[in-house]
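Have a look at the structure below before the remarks.
When the chains are written out, they are named A, B, C and D in that same order, and each has its own residue count from 1.
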Amino acid sequence: MIRVAIIGASGYTGAESIEIILKHPKAQVAYLTALPQECGQVDEVFPRFRGRCSLPIEPLDLDKLTSLADVALCCLPHKVSMGFVPKLLDAGLKVVDFSADYRIKDTAVYEKYYQVRHTDTANLENAVYGLPELFREQVKTANLVANPGCYPTGLLLALAPLLRRHLVDCNLIIDNAVTGASGAGKNPSSKFHFPNMNENIFAYSIGTHRHMPEMEQIAARIAASDVNILFQPHVGPFDRGILSTVYCRPVQQLTSQQLLQLYTDFYAKEPFVRVVKNAPAVKDVAGTNYCHVFPALVKDSVVVFSAIDNLVKGASGQAIQNMNIIFGLEETLGLA
Amino acid sequence: MIRVAIIGASGYTGAESIEIILKHPKAQVAYLTALPQECGQVDEVFPRFRGRCSLPIEPLDLDKLTSLADVALCCLPHKVSMGFVPKLLDAGLKVVDFSADYRIKDTAVYEKYYQVRHTDTANLENAVYGLPELFREQVKTANLVANPGCYPTGLLLALAPLLRRHLVDCNLIIDNAVTGASGAGKNPSSKFHFPNMNENIFAYSIGTHRHMPEMEQIAARIAASDVNILFQPHVGPFDRGILSTVYCRPVQQLTSQQLLQLYTDFYAKEPFVRVVKNAPAVKDVAGTNYCHVFPALVKDSVVVFSAIDNLVKGASGQAIQNMNIIFGLEETLGLA
Amino acid sequence: MIRVAIIGASGYTGAESIEIILKHPKAQVAYLTALPQECGQVDEVFPRFRGRCSLPIEPLDLDKLTSLADVALCCLPHKVSMGFVPKLLDAGLKVVDFSADYRIKDTAVYEKYYQVRHTDTANLENAVYGLPELFREQVKTANLVANPGCYPTGLLLALAPLLRRHLVDCNLIIDNAVTGASGAGKNPSSKFHFPNMNENIFAYSIGTHRHMPEMEQIAARIAASDVNILFQPHVGPFDRGILSTVYCRPVQQLTSQQLLQLYTDFYAKEPFVRVVKNAPAVKDVAGTNYCHVFPALVKDSVVVFSAIDNLVKGASGQAIQNMNIIFGLEETLGLA
Amino acid sequence: MIRVAIIGASGYTGAESIEIILKHPKAQVAYLTALPQECGQVDEVFPRFRGRCSLPIEPLDLDKLTSLADVALCCLPHKVSMGFVPKLLDAGLKVVDFSADYRIKDTAVYEKYYQVRHTDTANLENAVYGLPELFREQVKTANLVANPGCYPTGLLLALAPLLRRHLVDCNLIIDNAVTGASGAGKNPSSKFHFPNMNENIFAYSIGTHRHMPEMEQIAARIAASDVNILFQPHVGPFDRGILSTVYCRPVQQLTSQQLLQLYTDFYAKEPFVRVVKNAPAVKDVAGTNYCHVFPALVKDSVVVFSAIDNLVKGASGQAIQNMNIIFGLEETLGLA
């Protein structure tokens, strides 16, 4: 049994990680930590774990961590994470980090978008971007995996076949995405107060969302050329899911049939990506680690639709998929 | 034109009052006040008023109030209200107060449930309980109307015909009610954080809700005898509405037909109460000042269902209905 | 009082029209019609009208229509409408038609998208496209107004200032829109069954939505040149509203300041369009005839966000705005 | 591995059963059947199974059934089920039946509420009511388990400790319950059309719900005396969950402390019932097989709150709990 520590267990991605590991046949929740003010019995912090998990969430103790766990899922926020990850690695654990701190290789870009100096460039260099569908080989041997952002996961899976084959104009890509409200995290705020968010939908972070440079960096690696992405997120009145509608321009003529074949071939061996034949719906992937993707030709554009669960394939599920790969387990274990 | 001041215009009932008065043919929004930290242009505080109302919400100035308004809708919270209402009355205005401060005649009961001494017993004595369907005559000549609570409105309209005719056992009345989340007010909190409240329903204030003594006091006036009510509120994942399911025991035999006739007769002249022939739905009254009520015989009990909009018939609409009565206008003006 | 007939009163736009006219100070609901199988008392078909409107919905009788009404709001579906509109005009009424039958001047385009021959080209020629913000003068003298589609209203108000001033590339315009579920109409179907639609969001009519040619035709009139629009609709788990996110490319350099000024100037005298300074939210316009619009510069694109209520500014409210104009009333009457 | 056939796999409880068995370590989905018009690949009927289950749903073939499966989860509707269950038993399978056909021992009561003659009284006699918390011993040796109704599960778990100890007046029990909309099944209808059900809540089956006699029969067995239950169901705008609020009258004095102790003791060894210390929320049990129950003293009544997921503990989860028991597996397998 792989013994899993969850660092930052008091938030939504921490809870979702616990939820998945509770059903994982070869992993167990071994150690839960959070900031002191967020500690308590896990089934009091999250009543849904009553009878299912009775561990305490406690302040991080590195000795305990070393003795109790083989791997850490680090669910800390951006900027905070890079203060802890070096210690987790030093404790001898494999680490899957949920924050943006190890995703963006160019520290100048990181520092522009996150407004803070990067303090752990040594590990940043070795971190592997944990999108298994594209970087599985590197994940296998990684000590530190930077788990992708939720929106980048949706966008990159929608776009990868086109980028890899250089079929679209890399300067004209638009990602219009809608997330469920769990993406906002567990702290109450006016925007996410039920009477405000219910029956509502709106855009946010106009032109400034921090997932934009992450998308562009990884897209560029896939395309082996610069990629310019206009990313516009929105939030809608549902709990889970991201629907990405991606608009791009083909650089050569394509038929619908060719397009569908391209995607079907590209993802033929991928357990968690399903190429579908009509518009995917977030409810069909909610609570699962699957991505449903549908590429369409509309007029002279390619429009690709992808649907994921932001907390699963967009966070905890993907982290555990990465964990499975690192430990040589069947990739789908606990996730299918 | 009746010039209306709204005291406490920055909350949901304040906004709903503005919304109604904007469409009222013989009233106009004249003056909006709030605590200093809640002030600002009304259409910035509530973007839905953009282009429709451009008044400032400003700290209360009594001289301004006197010169600008004929009536005050006082939307302040419990305990705060009784500090302001005497000043509003002294300023020469009619007052419709939304708080509980003037609803409960017995100060001992008030002080038990609200945990504070009542500081305005003089006005309390003269305040009229503003449920027009039962106390219209008193409202006509009132200077101060205590606007009923949302739950008591739903319960009392469901129960009044039975109480008035002494048809049910006054010791065995249960009010099981479900409110929409707007009832919680505009301040964000964990319970009403969208990812917590969405897809959820739960009870609250078990055995302790402050509307219970209000219900019992008014029910006793209607029945001319003591009434014991077990009131249990719940909150569900929708914005507006209260569905009250009221269980009671008849003290004499009744047929369904008699029961329906009783209600139809009792409310025959009431513009805002509709006796319906099947289960009422909150969506049918949302955004209106109507109460749909349906009495049914089930086994040896009477079960009465009533539906209102908690912000309209349960608050702002009823206040404006009271205002119409006080000023001798047609009671339905601006509300039908 | 203007006497209003509603032809097709049993659907959502019919009901919304009744709702608005009930509060209109100079119009009254005079005659309601529907197909025989949809007839009945209006307050039985729509329980929300109990106590507020007690007319029957009856099969259309042209003699009755002539004697009872001055104007017909024709809420019939596409293809059906053009069979009735000539009769309504012959009966001497002004007509605001909600269908697409009189919106698309090029019958070849109409017949391609609607798969039916146009049978009333005579009236089609004289019909005025009822987007008052752009075609107010023609509406004033129209006998037949083609009320715009909901999506085109959202798109065109978002785009008009840019098109009129020739500031964007007319070949690279994308309209990514999300509507509430009321847009699907009142007939139950699997997609809109609550357990399917709730907690869901998905695209539909990929590349084929019939509002696309309508958008392009009117955009071309505004721009005085051909316009190519890629329109992609989605539906989300809320009742009302359309959020349009419109992506286009400026043909000259623009600053955010200039962009905002352009919109503010363009809509300076428009009562129902509010240029806002951040992302508009559908909940801020729900139940109103307003459009909130926000233009932003993102990287080298212009992204314009607009929010309307699909049933009000996108249908019944706009129809009544047109009616007000035709009859020389204040344009905002019953709508502010 | 236990090989599971699901009879009636095209409905919500069929799908939920598949969902659970896919994660069950000692059971596998072996055979899926439905009426001919509902057949197809399971991942086309339910896109959420794409990549996870690729079986066909096919018309029932008894030979195939015999050779492929050890147990049948029979998810057919009431009245239909009793036509198939004898064949399933004859085929040598253990059967867990989801319908009401084998729950009500008194055929006169069954025939009154279901308006049909019971055609399989032989098996009815031997069927075991599959509420493991109360009838575990009988389930162990059963060939045919009548899986309890969703509402009775919520009610009976809330009430059992009081009934067993004879602590409440058996003539004065009220069960006010609210279910999520999945309880209505997958066929679209006007009531559950999204624009009708969203933002709504209403009662239904007033005085006539078929779960009432089921509740009374089992409650009587627990109490060893007649029990009269007034059951009133409602439906609210959420997918999953039943919140039961149960009102009853103690026949002797009780303290809150004693009440809580009673429940804690009664359910001490039950894996799926958690006695909690405040109002349970349906979201805390959604997607799980748990029941959260909280008993409270309010005035002179006992009010018990219970929350379950109607599709899991109220249907498929409980069926698989029963299956685990029948096959001598750990009861929580695949469910915790």
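Criterion: a residue touches a chain if its C-beta (ideal position, glycine included) is under 8 Å from a C-beta of that chain, and two chains touch if they have at least 3 such contacts.
Please read these numbers as outputs of a predicted model, since none were measured by experiment.
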{"item": "Between B-C and B-D, the pair joined by more C-beta contacts", "value": "B-D"}
{"item": "Farthest chain relative to subunit A (centres taken as mean CA coordinates)", "value": "B"}
{"item": "Subunit C and subunit D: spacing of chain centres that average the CA atoms, whole Å", "value": "47"}
{"item": "Whole-Å gap separating subunit B and subunit C, where each centre is the average of the chain's CA atoms", "value": "36"}
{"item": "Intercentroid distance (Cα basis), subunit D paired with subunit B, Å", "value": "39"}
{"item": "Residues of subunit D engaged with two or more neighbouring chains", "value": "198-199, 237-239, 280-281, 283, 286"}
{"item": "Complex contact set, residues of subunit C against subunit A", "value": "172, 174, 176, 178, 180, 196, 198-204, 206-207, 228, 230, 232, 234, 236-241, 243, 245, 247, 278-283, 286, 296-299, 301, 303, 305, 307"}
{"item": "Partner subunit D, residues of subunit A touching it in the complex", "value": "22-23, 25, 47-48, 50-52, 199, 271-272, 274, 276, 280-281, 283-288, 290, 292, 336"}
{"item": "Subunit A contact footprint on subunit B (complex, rising order)", "value": "12, 181-182, 184, 186-190, 192-195, 197-199, 237-239"}
